[in-house]
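Shared chain: subunit A. Partners: subunit B in the first complex, subunit C in the second.
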Partner chain A sequence: MKFFDVVIIGGGHNGLVAGELLARSGRKVAILEAGERFGGLAASYEFAPGLSAPICNFISKIPSFLHEKLQLEKHGFTNGKTGADTISLDAGSETLVLHGSYGAQLSGVTPEENEAFQTLRKRLMLQARLFADLERQVPVQPGSASFRQKAAIAYSMAKQRLSGTEEFRQLLRMALMCVADVTEEAAIGPRLCGLLGFDATLGYRLGPRSPTSLMGLYSRLAREIAGKGGGIVANSAAEGIAEVLARAASASGAVLMAASKVSSITMENGRATGIVLESGAEISARHVVSSISPIATFGQLVGYQNLETGFGREIALLRHKGSVSKLFLALDAWPDLKGGARYVHAPSTAHVETSFNAVKYRQMPSDPPFEFVICREQTGKAAAIVSVTIANTPYDLDAGWTGGRKKLASSILTRMNLLVPGLRKSVIASEVLAPPDIEARFNLPGGHWHHHDYQSDRMYALRPALGAGNYRTPVDGLWICGAGTHPGGGVTGLSGYLCASELMAERNGRWPA
Partner chain B sequence: MQGKQFDVIVIGAGHNGLVAACYLQKAGLSVAVVEKNDWIGGAAVSRELHPGTLYSNCSYVCSLFRPEIMRDLELPRHGLQVIAYEGGAVFTRDGDYLASYRNHHAHRREFARFSPRDAESYERYARDVTRQCRFVQPLLLRTAPDPAGLMPGDIGELLFLARKVMDLSARELALMARFWTMSVADFLDEYFENNVIKAYLAISGIIGTALGPMSPGTAYVLLHHYMGEVDGNVGAWGYARGGMGAISQALAASFRASGGTIVTGSEVGSVIVRNGKATGVALANGTELDAATVVSNADVKRTFLKLVDPQVLPGSFVKGVQNFKMRGSSGKLNIALDSLPQFPALPGDCPSIRGDLHFTDSVERMEKAYDDWKDGKWSADPFVDMMIPTTIDPTMAPPGQHFVSCFIQYCPYKVEGREWTQADRDGFAKSVLDQIEQYSPGFKSRIQHMEVRTPQEIEAEVGLTEGNIFQGELTFDQLLFNRPVPGYAKYRSPVRGLYICGSSTHPGGGVMGAPGRNAASEILKDLSRRHSHMSEAHEVF
Partner chain C sequence: MAGMKAKLGVRASLQDHFRTPQLQSPFHPRLASLMSGAHWYDWAGYAAPHFIRDEELEYFAIRSSAAVFDISPMVKYRITGRDAEAFLNKLTLRDVAKLKPGRVHYTAWCDDDGQVLDDGTLFRWSQSEFRLCCQERHLPWLLDSASGFAVSITEETAEIAGLALQGPTSAAILKQAGFAEVAKLKPFDIAGWKHGLFEAMVSRTGFTGDLGYELFVPVNKALALWDTLFAAGALRGIAAIGYDSLNRARIEAGFIVANADFVTSETALRADRTRYPDEIGLDWMVAMEKPVFNGKRAIVHAREKGLMRHMLVGLEIEGNEPAAGAILYHGKKIEAGLVSAAIWSPTAKRNIAIASIERRFAGAMANDLWAEIYAMRELRYQKLMKRARIVERPFIKLARRTQTPPADF
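Right after this comes the complex of A and B.
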């Protein structure tokens, strides 16, 4: 039997980040990936023979401090362009462009809209600082906060309070509001309302009119603050952040094992002592860290029978049905659009909200909002690769996804063709990944990119559930570090980093004699 | 009344205005309540709109009214009698019904008929909800502290809250955080599996609210509706004998008994402000009444956007008031019937007919009704909360006849952006009556008289902006220290001597009386008067 200090289940970006940091600290680490490739949803995906596309449109939102800590440049992170523009496509009016860090400059709007947007942006950026601070901290567990944790929170709150009485009051008023009301109050014009409404709700199973939907925008802005403003979108389809992280982890001495699907976590006296692979091989470890969905971790690998009822119930009840689909296109000609930018179709709040209605009733929306990026294909098989992210496409479609995929692709292409005339003709290959496909291909229950809903009732110390909010779990020796933990999904590596730092701070003396 | 000097003028004789007036009068001030309508009560009224039949034509059930106020103001002595009713029923499309009972065990047994598992979960659910109610209830009669404020009062109150929060276990704390932010649909999904049971329990999460059961924040609305009690029975609802107007009448009687003056049929045109201080009100007919203290029971938008000259208010405050969300989302049909309607689904001796009756058997149908409202339409499949108070209080109608109150969630303030027409009103009423007729054949033929009230009528008659029954949405951004405007949640306004006491203030809507009582408490503090006749919130164990 092999023995490691730490065995990490799942080679997604969080697993790789945790693995890199733990291996570098001198621990013997193995990272087990069920698939052939590392990186999970941060990797690129081969949708047709020889044609790959990035799955995440933003290939890196890793905060600057973590970027440096992991020395990603040294490991070949050159891909991409910082400060990507966001371009709202809307046939018939001047193109709306957000330049720099989430619209530091705007074009295509009236001077009044520009002024109103900048006022709103400034306020939201200020408020998102609290988010950015909290995203970097291990959540404080109710009733067991250390002095350092309390001080860190008090400091973050004090910073908000010092931004002025009015701003502080606005933070306390706005934090749980819906994005539609906030943008309407700010009078930034229908197209910006639509864009912000889309950005705030993409992947959250909320509509812009759902209270608390502004949180989604805070989360996005927090990552603008913590990372390289404007995010990084792929220039080339060949390599994503995942490959870089895998190299970094390897270089630190972590053992990366692909095609190693874990079938269960072994337990002794209520303590995790290792894992069993599907092949039957056993690996024992001092600590088991799971970067996969908490539902899979506890439901499949640990088993609810080994958990306390209340905790097991909370995990089983996690809302984990995804609502985001992917569409990949290979084009034989570069369209009349520039690369290195993100394009969005979300013309108004009402448009986004109406399409969200469909999710509630498990229907296919007629004109769902979407975003896409275009990148180069290096083997020469296609002139351009388009990676489209489509909102409000429910996992549990009543009519079933068998016919649904084709219908979705056709409705998106029709719309794209209106926005970018001639695009449809140049498509030479395409594939739709609906939430059930994402579930099947990435071992992700529900196909949810946050693993389960990232909403205000499942954030911070309550993510994924009370008792597992600081990366520890009720099972001694078992840790979790995926998007299902604080601070949720998006390629930030923060869950992996925070989990690794908690694990390293733990005294080693807990290993039973 | 001219020539008479008053210390305080209360604008509007709604229940909160009357509660505030009673407390102020009892403290030795001379108080006049000025009401635009020829009757008093605002939205707590009983009106004889059909010969011999009293209509509770706005609010229609009683539970939230704080018992502390009832005792302080001796309302039972002044004629108020609240009779708890025995549950209700949800009719299902397959011809069955889910009854509800005040008796916990009977209720649980009825749940078991639909789902034995849910009957088990109901124990856990009832315990969790009651715990949260116990936490929130004492806060109803306290002024919310200003978290940005640095006054000793604020810090003291924040410490009080912090101590209360520390008393909770980690599990209760987690539950509270979730209760305040979740949607009622998600919340119920964590306990129940049966659609009818979930639909029944979700009702309290949407009444009066411009949100669907799947919108985050509606779990709190459910809590808000659970905090009431009748005869110390937490969560119970009842009818005021003689209709909801009986509450206003009892308040008025209590007020007059302590020497107060009520003037009806006198609309206030504006609040007179001199040198940043309120000095009285000018009536629409030009008469001016002087008083050093003016208390407005009108909603915050009406008060500060219509009655006060915006020039005397800070711009940020006016913006805050403009941003305050008051969305009309409810309508009513008030109906006089010549006989008791029959519901074939109910057994003959079923007590449910004396309670609240509903015809929406899934959360999804409620949500779809909300989607119609978002599009500015009344719902094709409306959610109806129907009551026949005359089954318990026959004094409201001639013998054998009945008054039926149908509350409809959702009904838009404007129909696809335009004003309501008579044809719209008929179409709205038809959608409701058609639904009732399906479950009670012959209902339509029993109708003697019917009053259709859309948010526009509610606004025109009661004065609630957009017809919002809570004087402002109960979303988190408009609760506690945010209600109605951050920094002005203590019933005071930027104008010295001008106070607000309506449901636009903490703790919000429902015939609760707490905003009026809390406002009176703050006014007495400013005037350095004693509070000896005002009880603190009772301890709940």
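Right after this comes the complex of A and C.
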């Protein structure tokens, strides 16, 4: 049997970040990945022989402090100076473009719309600063928080308060609102309303008119702040963040084991003492860190029978049915689009909201909003690769997904062909990954991007559940990180970083020599 | 129009539950015909007797002859399956592996915060068949606790009728009725009784601290069981009793009642009213060697950090005025606790009580405890400050309770 100080389940970006930091601290670390390649949803996906596409096509930057801590520059990864443009493809007199960090400059709008948008953006950015602060703090867990943790949140709140009475009142007023009401009262015009509504709800089981849907936008903007401006477009060709993180972890001394699916967590007298692989091999560890979904961690690897009922009930009730699908395309000709930008189809609030009905009633949406990026294909098998992210496609489709994938691809291509004439006939290969496919391929219950819903009842210390909100779990020796924990999904590495820092603060964190 | 009326009639006839707001136990016809008036109270939705004719006589039936108490309203769950033992080990505080088939034990269960949800008795019929009897309903909690276990759980409260036969002549009555095995039953043993009219599960258990048995039959055999017992017991002083006399016997025996002596954690409205097992005298149950059970982490933590604030104790109070509901004081000044049950004990000939006190008064300070009793004396309350002494529970110990084979009274 092999012994490690820490064994990390799941080689997604959070697992890699945690592994890198823990290995660098001198601990003996193993990172176990079920699949062949590391990076989880941050990696690229081979959708046709020899053709790969990024799964997360538009990602926020790794927060600057973490970027430095992980020395990603040294490993050949730069955050880039400015953010990628977001381009609304929908009809208007001019093409609507958000430049830089979430529309620091706009083009294609009237001067009135521009002014209204900049006022709103400024206010939202100010409010999102609180979220950005909280995202890099370990949540204060009732009864077990350190003075430092309590001081950190008190400082962040005070800082926000000091932004002025009016702005603080606005934060309290707006925090739980729906994004549609906020954008409509700001009078930024239908196309921007649609775009913000889409961005606030993509990946969440909410529509723009659902209460609290503004939270999704805060989360996105918080990452713009943490990463010093703007998202980046993933590239199928160049080395992505996943590969860089894997190399960094490896360089720090972590043992990376691919094709090593964990079948269970070993328990001894209520304490996690290691893992068993599907091959039957056992690995013993002082700490087990799971970066996979909490539903999989507790439901499959620990087993509900080994959890106290109240906590098991919380986990079993986590809302984890995904609603995002992927469509990958290989084109034999480069269309009239520019690379390095994000294209969005979300013409209005009404459009996004109506399409959200499909999720509520388990139907196939007729014209769902989507975003896509286009990048060069390096091997020469195709001229361009397009990675589309489609909203409002329910996991639990009433009619089932068997015929659904084709139907969805066809409706998206029809819409894309209207927006980008001629695109359809240049498609030479394509694949749809519906939520059940994402579930199966990435061992992700429900195929949910954020592992489970990221909403006000499942944020901060309540994520994934009270009692496991600071990366520790009710199972001694078992830690969790990943999108299912604070601060949720997106490729930020924050959850892995916070979990690792908590683990390192623990006494006796090393396997006795 | 006529059709619509007919439909309404059908619907109304399907929804006439409101006409009988209280359920009737399968023994109701016998209880009602013996009863002198209508002394009913509500026990878990069922009409249950406070007393049948006379509380005093019924108490002495328990201690001097044989008393029959209807326990059908008690909540009962049938728990079966390959993992039934493992499931119950996670659910309850005691080690179920130590409970052999054919035995019963008294146990309790907690939520994740280590607060007691209920107490009850667990019957183990075979390796994989159990019955859990308790005060409150817990089906959602039991089903959620069963995740990951191969176990089936059904509520059988309405399907199974139960009678407690308690008192010195109870064994003789069962023998007379044809249950020969009664002589062999040790306390907490279970046996099957194949009678010509019914098949019963008999356990040597009870809530009186006396020699006694509990019998369970399917509801359609309830009256046959009742009639058999009363025929066999005619010359041995068998009598039906209500809860008031049973309550006296249980206080003497030192038994606690959920939502009388402690507040169960699912029904408590105030966060500080719930209790750890250690706070209601059930610390001995907690089988810490089990790797996982509900409440373990919280109980370990509370024990380590000294978070247990209360203690359930037996008291002997000077004088003869029952101290029910009395506030307890230290040095007649500082509030120390509350009496939850109290009687003048006819058997112990002592004024006894069950009380919850703050832990800090239970040690060296315990010799200065006082009960404030308001005694009604001809339309005027007389306030009595009576010295209270912490004493061992049970308040009475009867040799016949455990004697095997039981004496043939």
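To be clear about the criterion, the second predicted complex is superposed on the first by the 491 of 513 C-alpha atoms of A that agree within 3 Å, B and C clash if a C-alpha of one lies under 4 Å from a C-alpha of the other, contacts with A are read in each partner's own complex, and residues count from 1 in each chain.
One rule holds in what follows: a contact is a pair of C-beta atoms (placed from the backbone, for glycine too) under 8 Å apart; a residue touches a chain by one contact, two chains touch by 3 or more.
Fair warning: this is a prediction, and the values are worked out from it, not measured in the lab.
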{"item": "Subunit B versus subunit C as contact partner of A:Asp181, first or second or both or neither", "value": "first"}
{"item": "Subunit B versus subunit C as contact partner of A:Lys338, first or second or both or neither", "value": "neither"}
{"item": "First, second, both or neither for A:Thr212, with subunit B first and subunit C second", "value": "first"}
{"item": "First, second, both or neither for A:Asn357, with subunit B first and subunit C second", "value": "first"}
{"item": "Partner, of subunit C and subunit B, that touches more residues belonging to subunit A", "value": "B"}
{"item": "First, second, both or neither for A:Lys150, with subunit B first and subunit C second", "value": "neither"}
{"item": "Partner chain(s) touched by A:Arg169 [first = subunit B, second = subunit C, both, neither]", "value": "first"}
{"item": "Which superposed partner A:Thr309 touches (first subunit B, second subunit C, both, neither)", "value": "second"}
{"item": "Contacts of A:Lys425 with subunit B and subunit C, given as first, second, both or neither", "value": "neither"}
{"item": "Shared contact residues on subunit A - subunit B and subunit C", "value": "310"}
{"item": "Subunit B partner contacts - residues on subunit A that touch it in the complex", "value": "141-143, 161, 165-166, 168-170, 172-174, 176-177, 181, 185, 206, 209-213, 310, 317, 319, 353, 357, 360-361, 455-457, 461-462, 466"}
{"item": "Interfacial residue positions of subunit C with respect to subunit A in the complex", "value": "83, 86-87, 90-91, 111-113, 141, 144-145, 147-149, 291-297"}
{"item": "Interfacial residue positions of subunit B with respect to subunit A in the complex", "value": "147-148, 169-171, 173-174, 177-178, 181-183, 186, 189-190, 211, 214-217, 316, 323, 325, 364, 367-368, 371, 374, 475-477, 481-482, 486-487"}
{"item": "Residues on subunit A engaged by subunit C in the complex (per definition of touch)", "value": "267-270, 303-313, 316, 467, 474"}
